[in-house]
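Several structures are given next for inspection.
Each of the next two complexes has chain A plus one more chain, namely chain B in the first and chain C in the second.
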Partner chain A sequence: MNEEYGKIIGITHSIKRKARSLFSEVPLLGWLFGMLIAVILERYVGEALAESLGLSKIPMLFGVVMMLKNPLMIPSTVLYLFTIFVLPISVVARLISGPANRVAAKLLDLPILISVIIHIGLLYAVLYLWSEASAYRVLTLKLTLIAVILTLSLNVVNGYMGEFSCSHPGFMALGAYAASVFTVVLFVDDKLFGHALLPAALAPFMFPIALIIGGIVAAFGALVIAIPSFRTRGDYLAIISLAFMFIVKSMIENLEVVGGPRGLSSQPDLASLPTVFIWTVACIWVTNNFVRSTMGKALNAVRDDEVAANAMTVNTRRTKITAFLFAAFWAGVAGGLFAHVLRYVNPGTFGLQKLAEVLAMVYFGGLNSVYGSIVGGVSLSMLGEALRPLEIFKWIIIPLLLILIMIYRPTGLVAFKEFNVGKLVMPKNKSDQRKSDGAASG
Partner chain B sequence: MRKSWVFIISCIVISLIFIPSAWCKTKTIKIGINAPMTGDIPKVGEGTKYAAEMWLEDVKAAGGIAVGGKKYPVKLVIEDNESKAESAVKVNTKMITEDEVLVIVGPQASKQAIPAGEVANNYKTPMISPWSTNPDTTKDRPYVFRGCFLDPFQGPVLANFIKGEFGFTKAAVLYDVASDYPKGLAEFFKQAWEKLNGPGSVVAFESFTTKDADFSSQLTKIIKSGAQVLFTPQYYNEVALIVQQAHELGWNKPIVGSDSWGSAETVQLCGKDCYGLFFSTHYAAAGAKGKTKEFIDRYNKKYGYVPDDVAALTWDSLGIVKTAIEHVGKLTGNIEKDRKNVRDAMAKVKEYDGITGKMTFTEDGDPIKCAVIVRISNKGEYEFYKSVCP
Partner chain C sequence: MALLRVEKMSHEFGGLRAVNNYSLEIEKGQIRGLIGPNGAGKTTIFNLITGIYKPTEGEIYLEGKKITGLPPNQIASHGLGRTFQNMQLWRHMSVLEHVKMARYSRITYGLFGAFFGTAKRQREEEEIEEMAYSLLKMVGIAHLAGQIILNLPYGAQRRVEIARALATEPKVLFLDEPTAGMNPEELIQMMEIVRKVHKNLGLAIFLIEHRLKVVMELCEIIQTLNFGQVIAEGTPEEIQNDPKVIDAYLGKGTVI
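What follows is the complex of A and B.
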């Protein structure tokens, strides 16, 4: 028995080692290209394959929903995923790893921005083609990207700054309402605010302004709590920020102008997938630069020891307030996007449940890490969507997962890892790496 | 290496064996149920689900829904919306684009039905919300219907009832300012009451916030204001607390409620304090006759409790859906055309004889139907007292 077990372990180990050696030289460019091929493949042969496997439709969220609803479908769904995604991605990525490495090395000769833009363009193409299959995928994707923005912004406070802030749903609500009021007043004939002031054709151009206004209003709200509460630390800040969340919620509930508890609807349909994607990329980029700047390092110093940081000439108060306002701004932007994706907001949405969700995403993904926020935001929102058929058991499985993460990785899945874009887009084989290193230094 | 290949190949072979052979495709009618199975109001979701399952049993027993002389099997797609607005939108989008449902029944609460109705209307899929009383749900949305009367109707009904029954002139209102249903109804009641008795006749208009459990300061004010009757359009858990605390503080005048009292839990939580009180609702369980009694007895036997108004309204909504599908004449197989035909048939439904009364839809998709005034008997049953028609 033991021998058998040992053999199996040995086999899996050898497979792992093989796989690692096979794929270690594939650069990001290769992976993205593989995914592109896979989504194109799904687009053209997906339906036929699904039908021949006895599936009624293309499995939407990687088949999890289908498998949970009808366990008999598990084999065909797995087979579908294998032929459409796993096989093409791995084969293509492996086959073109040589040329891809050379292209990646060539791209590094140019300014890194171009290389990054090409990578992001490829990623967008993949997401676009993947989501084009159905409106459900588009909606899920948009809400997932918004969750990433929100998680990232909370991570600035809870991870990088080391405080425990509970006011994020409040900031989100401020941003959502500010952006909604802006667009509804300007572009929609509405019973609350009367006629549209500007032609609807201008709306897409004014939408970024609406989001920025949402962000600024949220940041202003943050200033209101930052000034009194940053004299305290730890638990006190948590309580004050929690109180702030309830203040915002109950303020909106009592504001008849924006619909009170009935909520505000009829926002124009402006948050398309490219808009949400661009804002998410912008958020990741800006936040990543922020946390790697002097200010970000000062923030880490404040987290580790405020007195010592002060002694090392860090202006702790300014640092903390800046970071807090920065986080609130992005939460406000996320709120604005959220309101325009749903095209309805009500104050009840921004309550304790939302807070629990965002906190779970931050701690699941990993503190002090941009990677972690992306992982946390994407995995929890996808998981929540995929496990929907389980109804009440979903609320047992997800918290259980969180508990396990907290036991085995107390700071989250990918904590304290720097998001190095330069390293990410680099070629992965030794020779091209050396070449590009030479080019970079020379 | 070879062993791993053998392993992988055997896995694929085994999975191929289990693949169900290509089945013969019969056209089924899919009906989506968007219900809050988890979250704030799971009891509502449960009532919806049970009523829908009971309805499906009937349809199955009849061999499906007959359209143009041909019987089509029916499948329910029940999805959980977690009592959240964004989830309700996701669920609707999924059911429309993925499951390709013909009609959607739900969501129940207005905060989900308003955004979800937008989705249904955009995709031109008929949707009927059994329980949502907010006018915005169906307003300017030709594809969205509802199964219950609206707050602007219920408010005057209650005001007229209190005036006619007791002859009072001074009323007090206690409501949850953070929840859209109680707030809306409280305002409509106030309007109607002041129209009957002149301005200032609502002597106390007190509010609290969701999940508050102590109402003594509001109730003290109400008692001091000299009101003759207290109106409180709250949900079952708050009703019990409000009524008990009012009695402890010495309030011995009538307390009147709205359809949100109609849950089976109200009397269980409230006990003797609630006996003898009145509320308006969609149907009365005790003393029901005919089809209504049949439904209540069947539900009670199957699930062990008397169904509340959500279950009854869901049952009626599904009944309307069935009638509409039967009147389409022919299912073309093109889901978009069928959806439009079903919507047109639904708008034309006249005098549908449901267990919660006769229904005809207005142009907005709202039914014209009667309200029932119920008295909680000394045994804790909901007795029919009076029917008020528009």
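What follows is the complex of A and C.
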């Protein structure tokens, strides 16, 4: 009996090893290409396949909803996912790993920016084709990207700087309302603000300005918290920021100009998928630049030992305030995007539940890590959406998951890992790697 | 004119007078020692001069410029580098990042450079890195540059602290018990490093030490502190034979 068990373990181990060696040389470019093939496949044969498997329609969020609603559908849903996603992605990625490596190495001869842009472009194509299948996918994708911005910006404060800030929904609300008021006043005939001041054709060009205004308003709000609470360290920030969140919420509830508790609606439809995508990429890029510079590393120094940081010429107070305002700015931008995706905001959205969501994403994904924030933001918002049919049980499963993470990986899934873009776009097989290394140094 | 001058500095914690009427003059390139029994106030004096505490009375001048009451980061960028008695390192950061961090006040690329990764930032970061490597070489741990602090042995961590303090380009280097907890072999290596740093960079060094062997060998002039007050000051020989010093260390009326 035992022998057999051992044999089985041995076999699974060797399969794992084989699988790893099979895919270890696939560069990111290969994976992206595989995904592209998969989403194209779904677009053309998805419906037919779903029908032949007895599914009523294409599984939208990887079939979780279908499987939960009707457990009998589990085999055919899994089969669908396997034939449309798993199989094509792995086969294509493996088959083209050779050429993909060569292309990746060639691209590195050019400035790295070009290689990065090509990768991002491919990623966008994959997301675009995937989401095109339904409006529901588009909405989920947009909200997921916004969640990534929120998570990453909160990670700067709670992870990189090691403080505990609770005011992110507040900053988000400030950004959402500021950006909404800006666009509604300028471009919409609205009963609250009267006639549009500018032609609607200008709106897409002014939208970045609206978002930046939202971000700046949020940053001003952050300054109000930062000045009193960064004199010392400790729990002050947590308490003051929590209070700030409630103040913002009730302030908006009592401001009849922006609709009070009924909320503000009729934002123009400006937050298209490419817009949200570009802002997310920009947020990741700027944040990653910041935290990898010596100025950004000062956040870690402040967190690990503030006295030592001070003695090593780091202006700790300025460092803390800068990071806090930076985080608030991006929360404001995320709020602005959020308001224009839903085209309706009300103050109730920006309460404790939102706070719990964002905090969960940060701690689930991993502290002090851009990867972690992406993983946390994407996985929890997708999971939250997928588990929707479970209704109240969703709020048991997700916290349970969080508790398990806290027990087995107290700093989160992918904590303390550097997001090195240069390494990410590198070819993965030895010979091409060496070639491109030589080119880089030569 | 003395490089660093402390005039009649006193400090009180509540009602307790931890440092009383302390004066100090360090010349360029001098190595000075500060000894005294536990609780004499040695580290408090370091903390007062480097700005972690503000002195209740007295003034501190660096190159004739008053630095009393400035925040620690400004005092550090004026040229007072220090290490800590119980090694205050950043536990999630690599050795190289430690040394680079100490260049903070000399970074000129600003937030714009930090956010958008400009060419200027690239250049500056490379310069800082080069300098950090040369300092790590000087203290003999260049091969550990990529390591996280937690993985380092004790002696190497001490060296990181010294390299980090040197990266602030100090005019006076404050070493707070650099050999604490070291075995005899590590102790000799540490003394070598202090000598090398002193010779290569021409710094003034101010040293707190418990082991008399270290102070006696390294320092030109030694102060002895007891209950916050200087009880003796002089060359190693003078200090060794001073009855007040013997009293402070061994107790009054002891027959040796």
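The criterion applied here is as follows: the second predicted complex is superposed on the first by the 441 of 442 C-alpha atoms of A that agree within 3 Å, B and C clash if a C-alpha of one lies under 4 Å from a C-alpha of the other, contacts with A are read in each partner's own complex, and residues count from 1 in each chain.
One rule holds in what follows: a residue touches a chain if its C-beta (ideal position, glycine included) is under 8 Å from a C-beta of that chain, and two chains touch if they have at least 3 such contacts.
Bear in mind the structure is a predicted one, so any value in this text is a computation, not a measurement.
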{"item": "Contacts of A:57 with chain B and chain C, given as first, second, both or neither", "value": "first"}
{"item": "Touching partner for A:342 - first (chain B), second (chain C), both, neither", "value": "first"}
{"item": "Partner, of chain C and chain B, that touches more residues belonging to chain A", "value": "B"}
{"item": "Which of chain B and chain C A:21 touches, first, second, both or neither", "value": "neither"}
{"item": "Contacts of A:312 with chain B and chain C, given as first, second, both or neither", "value": "second"}
{"item": "Partner chain in contact with A:368 - chain B first, chain C second, else both or neither", "value": "second"}
{"item": "Touching partner for A:295 - first (chain B), second (chain C), both, neither", "value": "second"}
{"item": "Chain B partner contacts - residues on chain A that touch it in the complex", "value": "11, 14-15, 18, 51-54, 57, 60, 72-76, 78-79, 134-136, 139-140, 143, 249-250, 253-254, 260-263, 265, 338, 342-349, 353, 385, 388-389, 391-392, 394-395"}
{"item": "Chain A residues within the chain C interface of the complex", "value": "286, 289-290, 293-298, 300-301, 303-305, 307-316, 322, 368, 416"}
{"item": "Chain A-facing residues of chain B, complex", "value": "1, 3-4, 7, 12, 14-16, 18-23, 37-39, 42, 79-80, 84-87, 89-91, 93-94, 96-98, 110-111, 114-115, 118, 123, 134, 136, 177-180, 183-184, 209"}
{"item": "In the complex with chain A, residue positions of chain C that touch it", "value": "50, 52, 71-73, 76-77, 82, 84, 88-93, 97, 100-107, 109, 111, 113-117, 121, 125, 128, 164-165, 167-168"}
